[in-house]
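Right, I'll just put the structure down here and ask away after.
Going in written order, the chains are labelled A, B, C and D, and every chain counts its residues from 1.
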Amino acid sequence: MNYQQILENIYQEIQPFAGIGKQADYIPALAKVDPDQFGICINTIQGETFMLGQADTRFSIQSISKVFSLAVCLSLEGDELWKRVGKEPSGTAFNSLVQLEVEKGIPRNPFINAGAIVLADILLKHLSHPEEDFLHFIRNICGNDTINYNEEVAVSEREKGYLNAAIANLLKYHHNIENDIERVLHFYFLQCSVEMSCYDLSKAFLAFANHKQPFTFGDINLTASQVKRINAIMQTCGFYDEAGEFSYLVGLPGKSGVGGGIAAVYPLRYSVAVWSPRLNRKGNSVMGIKALELLTTQTQESIF
Amino acid sequence: MNYQQILENIYQEIQPFAGIGKQADYIPALAKVDPDQFGICINTIQGETFMLGQADTRFSIQSISKVFSLAVCLSLEGDELWKRVGKEPSGTAFNSLVQLEVEKGIPRNPFINAGAIVLADILLKHLSHPEEDFLHFIRNICGNDTINYNEEVAVSEREKGYLNAAIANLLKYHHNIENDIERVLHFYFLQCSVEMSCYDLSKAFLAFANHKQPFTFGDINLTASQVKRINAIMQTCGFYDEAGEFSYLVGLPGKSGVGGGIAAVYPLRYSVAVWSPRLNRKGNSVMGIKALELLTTQTQESIF
Amino acid sequence: MNYQQILENIYQEIQPFAGIGKQADYIPALAKVDPDQFGICINTIQGETFMLGQADTRFSIQSISKVFSLAVCLSLEGDELWKRVGKEPSGTAFNSLVQLEVEKGIPRNPFINAGAIVLADILLKHLSHPEEDFLHFIRNICGNDTINYNEEVAVSEREKGYLNAAIANLLKYHHNIENDIERVLHFYFLQCSVEMSCYDLSKAFLAFANHKQPFTFGDINLTASQVKRINAIMQTCGFYDEAGEFSYLVGLPGKSGVGGGIAAVYPLRYSVAVWSPRLNRKGNSVMGIKALELLTTQTQESIF
Amino acid sequence: MNYQQILENIYQEIQPFAGIGKQADYIPALAKVDPDQFGICINTIQGETFMLGQADTRFSIQSISKVFSLAVCLSLEGDELWKRVGKEPSGTAFNSLVQLEVEKGIPRNPFINAGAIVLADILLKHLSHPEEDFLHFIRNICGNDTINYNEEVAVSEREKGYLNAAIANLLKYHHNIENDIERVLHFYFLQCSVEMSCYDLSKAFLAFANHKQPFTFGDINLTASQVKRINAIMQTCGFYDEAGEFSYLVGLPGKSGVGGGIAAVYPLRYSVAVWSPRLNRKGNSVMGIKALELLTTQTQESIF
């Protein structure tokens, strides 16, 4: 498959969507990003790399970090994890409190904010140096030792993070947070602040696509079955209340972030990361989703 | 892959689950079925068939019929269809009215009851002889001219169908039913009453698995892309509020019915149908789900 | 107290509100009413009557009939009644299905549609000639033998009554309707179709205001305590999701109807009925509520 | 009316209810109260006082303090207040987040926790020394200069107050809290910690019953109309999701607290306060409600 040519075709075809949507602007660090950027990178399990646009520019991965949290938690806890978080699509916005109250503090899945806050709490329990260890895992999985948190972003998020603080307090009320709330929120926002390029993300997600290879990064190990199950959760829960739409249009497991990034995998074929800051009303990258839809349409390859 | 041997292994391994759960008993015709039956059938796209247990025994396919409705509707309406029904997982039970009221009469997806009732209304608009035409499509897709409705089941369902009547009235109130309510409900319940064996269902679903082949059955045609998108919807919405769990454990697009049947596809490999009447609390076959979980685990094949 | 002078003052003061709001138009019989009518009538427990405007013109009492249903049901069932219907404010619109589903078919109170449909079912159980007996009670309580149902209205309501049919089916599903659904709905809509004037309604509600007098109308008897409790339910539940607002502004127990009527009582002082077809967004008469607010403000008399 | 004799009768009749229910035990200070205490005090507008049991023992007034907050806020803001808080019954538990999220941060009424937290924020805006000024108002209205906060209770409440912190964060997210969250919560919990006896409370509530007298306490003034409207809100919203039941059984405006106290008013007749720590499942005093029900039944006096 000539992926480079396909990427170039896609790039032409998505131009009519340029300028549509609005980047996240609830914190200054996101608001000041040039919204009219676009990058995409594919890594195949054969070891090829295909890139286009600003694929080397780092951006705030935001909720894409939840996939890394889930991988580490699943490695540390195994299926015990599912006692504290579900694996069903939420059917509601990523930050809804309603469901959490009705379901007594057990978040629907690890990819809504409530779920990822519980994951942060679990990581704090297991890791001796949580911030360092988590960063170390990401550096390992993408093979880039310069990946880092953006502390300024994390601090801004906490300052504006009333809704996540409401969620964390509700979780604590239902005994589903063990650590101090501020400690958990600090770590959660730090995870969201990680900055990676499309190239970095695609390299990282190759580990999820290529489950014939051992998933071993430092102390973090997953079986092939566990990797596949993470992919399954990405498929059903990776795009908030647009998960069905993404599954319908694109047909790949993936995860989006409010920074405009999307990472997806075609199991045993390739991983792909795309980035463009302008978001649709559901909080997902307009050009990113369009590009991935064209990718699976033009290659006629999807998991379905 | 020696599927026959795998089916036999699976059959041994699921024996500890025999007797767990309870069959649907809200109508006499379902209540009187011997609950301790089990059948499974795989059809590969190479044309092989593997069967075990009561794979030739017909049962009430119930909600599995919603996949056939969706196929016919999508063929007739194309993407216009999505103006009247969504494609997001519901996150709630299959028969919930809450979401439907909040979302002003647009059902979340075609596989919850509300969605399928809208599909029935759409079919009534397009088909000149709806009952005959729908049955004809099923007979065509599975290659068995003896497939039929069970009128007694359909009548019993209507008599007890207060909740579905509530749903239909609410849809009508929101102008999402065009035909007479009783007409729509009659057709809806008739669809659910279709009786097929695991062999029949597996043959029918092969058309969804094998999207390299033209999907053409009489007047009903779908493009490969449309078939893949039906698979995508099965993946995210096929098991009510257990869709995430099924995706996690089994990793195949599929659809269950309250009669104890499940049909699933491994795109470009095989289709599989399994049947066992005892249900878990979510209304899905206990042994059916277990068998499929073992199938994808032992073959190490899933879409993820 | 010179009520006649006060009524005349009120009439002047509400003129700025003339023309605001829109009458109910979901059925032809309501849509064709001249919306710019206004009538009001006070009856004191001393036997005085004060009237102004179209106080003798009959209109569709609609949901005000629910107070009569409650009175008859409470007479027939006593506190057994509360096993099938609650007495808490609903906090939602009068026709919401959400709460009913969550609370398993027990309507929040007798004055939302679901509650009144259950009352209709209860009346059908007890009364040998339900339609005649119910009408007979109303004729008795207001002392006017010419009061009647408007069959045309009842038929129109049923034809458009998808939401109430949804509610009735949901109640039946939860085993809180014993009779045939169509039978119950027919009787329910017939009750709503009763036509009375402000004078008639005010006379009828005098029986609730004057609980020192025996409440005995044919076979229907209530104790003083039961009458006071009906007033209490009017206070907390009489105006759908505007009950708090009405209580705050007016400070009297009352009940409104979508025909533009409101009946209210000042216990041991007077009853009042007001009518004007234009409704606010909550479905209550704009001029009616304003007139009652002015009445309790100018008389400086309210239950608080 | 021989209220003293009636109180003695009531005391006998409620004995069968002794020992039913459980006191609040979510903080040590409440858990250690002897649950088997009972006190009641009536103050008439003629100046008589009737007491029985531990009517002089101080207890934590908890949510009864919300009535004082509302009085002060209404004095300071007038009807502007209703832009930030509603006046409809909530139909849900006192601490529900669901409604608050759905209604975008405008609490249903001032007597649910969310509403009272908004009131605390409003008081912080207006009062130069909020803690002192609020306490001063209470001391004035009950005529007892020794009334005080219980700082230990306030601190314990904050430590366990995850749900209220979740509510405050959600309010802040919706821009309905102006001050720092911790500042608001500290003041809110301090208000709840006020300790008063039945005698004190009854004296304080006499100001709401006796609206012929000027409501003037230091800088805090209310018109008769405003006082009556506070009574109206007590009637519809004073008992969480048991407001309808209390209205039905007792027929007086009132407010309960989780410390086991209830204060109620019979406008232009008397105020009454009752206290007994054992609560029913809705969080209201078992013996307290029973005593008030008997009071209005035996005196045959209620607002209805």
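In the analysis below, a contact is a pair of C-beta atoms (placed from the backbone, for glycine too) under 8 Å apart; a residue touches a chain by one contact, two chains touch by 3 or more.
Just so it is clear, the structure is predicted and the values come from calculations on it, not from any experiment.
The chain pair A-D and the chain pair A-B differ in C-beta contact count, and the higher one is A-B.
Centre-to-centre separation of subunit A and subunit B, using mean CA positions: 32 Å.
Averaged Cα coordinates give subunit A a centre that lies 47 Å from the centre of subunit D. Touching two or more other chains at once is no residue of subunit D. Taken chain by chain, the contacts form a single closed ring in which each chain touches exactly two others. If you check the complex, the residues on subunit C that touch subunit D are 86-92, 99, 108-109, 224-225, 228-229, 231-233, 235-237, 241-245, 247-248, 251, 253, 267, 297, 300, 302-304. By the touch rule above, subunit C contacts subunit B in their complex via residues 96-98, 101-102, 162-163, 165-167, 169-170, 172-173, 181.
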